[in-house]
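First chain A sits with chain B, and in the next complex the same chain sits with chain C.
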Partner chain A sequence: MTGPRGGTASPKAVRATLRGRPALYTDYAADQAIWNTPSKRFWTILLVAAVLVTPFLPFVTRSHQADLTLVFVLAIGGIGLNLLTGYAGQVSLGHAFFVGVGALTASVLGGMPTQNVVGFELDLLIWLPVSGLVAMALGLLVAPLAARVRGLYLAILTLGLVFIGEHLFKELRSLSGGQGVGRRGPDPEILGFGLFHPQEILGVQLDRETPWYLFTFLLLFVMAVLGRNLARSRWGRAFAAVRDRDIAAEVMGVPLLRTKVLAFGVSSFYAGVAGGLLAVSFGQVTPENFGGLGGLLLSVEFLAIVLIGGVATMSGSIIGAAFVVLMPRLVEMFAPSLPLIGDGALLSVQQLEGVLFGVLIVLFLILEPRGLFGLWLRIRNYWKAWPFSY
Partner chain B sequence: MTTIRPLSDALTGTSVDIPHGETLVSVDGLALRFGGNTAVDDVSFDVGRGELFAIIGPNGAGKTSIFNCLSGVYRPQEGELSFLGRSLLGERPDDIARLGISRMFQNIELFDNLTVLDNLMLGRHQHLEYGTLAGMAYLGKAKRIEVINRRIVEDIIDFLEIESVRKFPVGMLPYGVKKRVELGRAMAMEPKLLLLDEPVAGMNVEETEDMARFILDIREELDLTMILVEHDMGLVMDLADRVMVLDFGVKIALDRPSEVQQDPNVIKAYLGEGDEGPTLEDAAAAAEAHVSQEVRR
Partner chain C sequence: MELLAVFLSVLVRGVGIGSTYALLAVGFVIIYRATDVVNFAQPALMILGAYFTALYVHNAGVPFPLAVLAAMGTMALIGALTERVALRPMVGEPPFSAAMVTVGVFFALFILSFRLIGSNPISTGEPWGFERIIVGDLQFRQVDIARTLISLGAIGLTGLFLQRSKVGLAMRATAMDQETSLAQGVNVGRMFGLSWAISGALAALAGVMISAGSGGTVPLDAFIALKALPVIILGGLDSIKGSVVAGLIIGVAEATALSFNSTLTPTVGENVYLVVPYLIMMLALMVRPYGLYGTPEVQRV
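Let's look at the complex of A and B:
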């Protein structure tokens, strides 16, 4: 590093230069870092601390923890779809298929055998990565076909996967338990430590949900950082280039097929891992959850996470997952006090949920296409410029 | 904070180890048809190392089609294309990019949602040699390679005087700046041959002069071979070493600028047949008026 007059600056001099000037970068590595501003560092630390403290707050129930766990799990799947659809621009309605493959793999490798289904009761350290890898292998198998079509055709092609999935999940009875029955998900254990059991650590009594909550959060954090790194690396730029102008990207030296296949592979790995975790959170894995109409709904839910949260942002996927899981809970909480809502009234609580969900998607697409992350940007920019309007 | 280094130190891959004037690109009997429509008909030319070769012609003459053949976007039905003695036929665009051919597009083809910096870094895609997993970890190797290449991209940004917009999404930038960014992205690829497709179309005099200065500076600093397609006759006649004129896909002249201006076939192509031969200055004015009309539309 050279100083302002060309001489080599001592670390002390650099620190002195930086004091009170947090936005001044003195090397490219600092400018390109993942948390390159003090406010990003502040918010990340604050959120991580809040998440870690939450299960120990007195008013947080076990079902609250289960809901937040679901947020983390869906966020992992959402990040996967955001890499494929948000960054690389390949619209996929087949995300639920890969999630289902992950859930099934996890149940077979980690679940208990019964008279009807096989199970190997393996360690989570084995079945979780394998769930991701099996889904990724199928993603890589489909990708060369999917890479040949785009837009609407791609959406329909990937939609086909959900129905192939329905057939597969129903027919592979010894693995999935068959239609309408399903099978139990895995009981997660790492080296004998049960992640879905009440535990006592350092004298602190943990609920059954708490270890699983903390584990899924840790995994989300790691996978979000990995995803963000991929997005800011050469491949992330290649994804965006293929999304914005594929022919120009190719002329600039980006191999089109390879880039799309990579996006599919990474995306289905994330989906597979999310599926494995979902199998635990759901407790019961049935073909209807991941194939056919149920699968289509799950796919749409993931698309909603990406769209509402914020296309082509990591934090957006997490915010989107929180929205999709927590919005119905809030509605349930407040609906009884609203007029015209309730059994026998104009709308039941569930109908209200559905209507609100649809209306919000429409409103976001029209008013803030960058989603909740875009709203955050607006607030941030307002306070950055405050008290000036621009 | 860092000292400015010459472009030739940043972009070392642009040097070609064949003597000056020796053939770098050779096009032989090129024919491209869309159905019954012939876009390029039996066109042949050679471009020597270090040369600035211009292709001109009325709209629809097949100039951009030749570029699209050279960069692998179109597959010609007949003829041979070679670069540094290697055939380009059947190669994919990204392979051709790796061989060292880069281009600017006639209608700006930048990645609108990416910043100027990322657009230029995308141009360096083929020079960033780390894998997917290294990218996900973003430690050691990937980080080091990104920083080295950032430095190279910053040299190009300095050269093109676009420092103030480096973190802006390209979609927000004005037209003239976008054209500059596109030149920057083409340079970031570290090419041995640069294809410029109407670099000053729709620009005012000042922007045109800036662009001409950049082209001349790139030639001087990097000794880069270029093929230029342009309607601005003033620019072409000032910069080009040789000019090829196309009309309806057929080559009608190939000579030094001063000779081409006098060529009766060229005058006929631009102005039609008349009793007294008008000069190419008139043709240039007519072409310019036409282009500005196009842009306005």
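Let's look at the complex of A and C:
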């Protein structure tokens, strides 16, 4: 760190230089920091504060909290897919398979046994990491094969996983409850503290959904930071190198197979954790949720989260998850007041949702390939340069 | 003799459904060769093709063969229109984004088909139904013979068109190198549209073939078209020959697994024939990462 005259600047002088020039980096560590700009720090704090306050606002109902919880859970899965598809460039349509494996593992380890299914009623501190690890193990198993093929071959190969997964989920009846029936998800408890029960903390009465909402957000926060940390590490740079030009990456000494296998492993771990959390949020886990057509739809939703949110950005995955979960809610809210929408009219509400989902994917990819994150960048850059156009 | 009879009936059934898969796969391959995009909207095009055939037969009173041709024409138009509206702006974008656009198109068209078909199954008025041909002791379903002849015939005609006609030559040139063919005076954009039109027409025909012999078609039957995905991967994404060979392999394998379903159930579980295509695809990819006949991608560093 050298000052203007060549001598070493004092920290105080550096701070003085930085004032009003937030984009000026004086060392590499600051450039590579997790929160490398003041605005990122500001928005993170604002987001955390907003999320913490939301459940206590008077107009926020329990179903709102459940929806936001779903956003957090899907965002964790979306971050996993973003690491694989956005950072490492390996397009996967099989994400739902790993999510399903996580959900199944969580239900078996954390769920209640019945006449038909086994269950161990373990603590969340055991079943949540294990559902991530089991999904990760399967991801590592598939990865060497997946690393052999590229592009659309890979997309369709991983699509096969969803259909094979459906078969396995249906056949492992003592674990999954079988076709069309399924089983109950786990009841999350940490050391006896029920996360999906009404609780009273420091004299404040919490709804059944609130502890779970707070817990999933905490987990999302941790996993997003870990994801960003991985992305800025040596391995994250290897991911990007493989995505941008795999042969060039290999020539530069990036071990191709190991990088792809790692990307698959990490991504499946995130998927497994998201699956375990989904099992709680859904309450009921059926093979049809995660395999076959349901699984394909879930995989497409995750890809939409990555693409609509923003490829290779952590915050994009969160925005994308919010979009995918909340868009149908908004449509449901406004649909009754729209013309031509309703049961007997041109389109039903569900059909409108489906059409909008499809059309929005198309519009985003055509008009703003960087997704919602790209829209944010445009707005930010506009105001940054204001009143000049650039 | 008993075994031979079983073998022959499975073979005919498998070749019948397999050639329909091949027909669908050729639709995928033609679009992939022209634009490097896997068209995930194909299932929706297929089901709309079946719908239009039914519409022309029942509402306009057109004879079945003409209705099929008219439906193929309609779907060719819709295919070309889709390309112009949704896919043309994606030229130059990464192939994966374009593939995702086709997923979006799929949702829109699929919901449209739900809207058009409604909850009652539609019938295309096809003449084969559940009729059988009896040769000595053997019985074959007519629909399997019809599927084989019509599908392979349509693929043959498409291949002939690509190989022999001037426009086919232009299409192949576009598939090889877009810029060079542009420089040679080929209207590349029109070739994209044409490949979508051919693909839409083939999808419509496949929709009729799938719907034949089933008693009725509902919108969810669209997902049968997903069976063509392992076929194109097994055959190679850019090879029509590969589509045919792989379609037949997967059709026969599926029919075999289906006919031994009750024997297989205790060991590998119920309805294992549904995953057989994907298992074959995965095994093949371990040996040949570009499928049986796919062109390995040549990369310069």
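To be clear about the criterion, the second predicted complex is superposed on the first by the 364 of 390 C-alpha atoms of A that agree within 3 Å, B and C clash if a C-alpha of one lies under 4 Å from a C-alpha of the other, contacts with A are read in each partner's own complex, and residues count from 1 in each chain.
By definition in this document, contacts are C-beta pairs under 8 Å (C-beta built on N, C-alpha and C of every residue); 3 or more make two chains touch, one makes a residue touch a chain.
Note that the coordinates shown come from a computational prediction; the quantities given were computed from them, not determined experimentally.
Room for both chain B and chain C is found when the two structures are superposed via chain A, with no clash between them. In the superposition on chain A, A:A29 makes contact with chain B only, while chain C stays out of contact range.
After the chain A superposition, the centres of chain B and chain C are separated by 80° when viewed from the C-alpha centre of chain A, nearest 10. Contacts of A:I247 after superposition on the shared chain: both chain B and chain C are touched.
In the superposed pair of complexes, A:Q351 makes contact with chain C only, with no contact to chain B. Within the superposed three-chain model, A:R234 lies in touch with chain B and out of touch with chain C [touch as defined at top]. Shared-chain residue A:F120: touches no atom of chain B or chain C.
Once chain A of one complex is fitted onto chain A of the other, the partner contacts of A:F193 are absent, as it touches neither chain B nor chain C. After superposing the two complexes on chain A, the closest approach between C-alpha atoms of chain B and chain C comes to 6 Å. Where the contact sets of chain A with chain B and with chain C meet, they give residues 245, 247-248, 251. Listed in rising order, the residues of chain B touching chain A in the complex are 1-3, 71-73, 92-94, 96-98, 102-103, 105, 109-114, 118, 121-126, 128, 130, 132, 134-138, 142-143, 146-147, 150-151, 154, 185, 189. Every residue of chain C that touches chain A in the complex is listed here, in rising order: 32, 38, 86, 89-90, 93, 95-101, 103-108, 110-112, 114-115, 223, 226, 229-230, 232-233, 237, 268-272, 274-275, 278-279, 281-282, 285-286, 289-291, 297, 299, 301. Residue ranges on chain A touching chain C, taken from their complex, read 91, 145, 148-153, 155-157, 159-160, 163-164, 166-167, 170-171, 245, 247-248, 251, 293, 296, 300, 303-304, 307, 346-347, 351, 354-355, 357-362, 365-366, 369.
Residue ranges of chain A in contact with chain B, taken from their complex: 1-4, 6, 26-29, 31-32, 34, 226-227, 229-230, 232-238, 240-241, 243-245, 247-256, 262, 266, 312.
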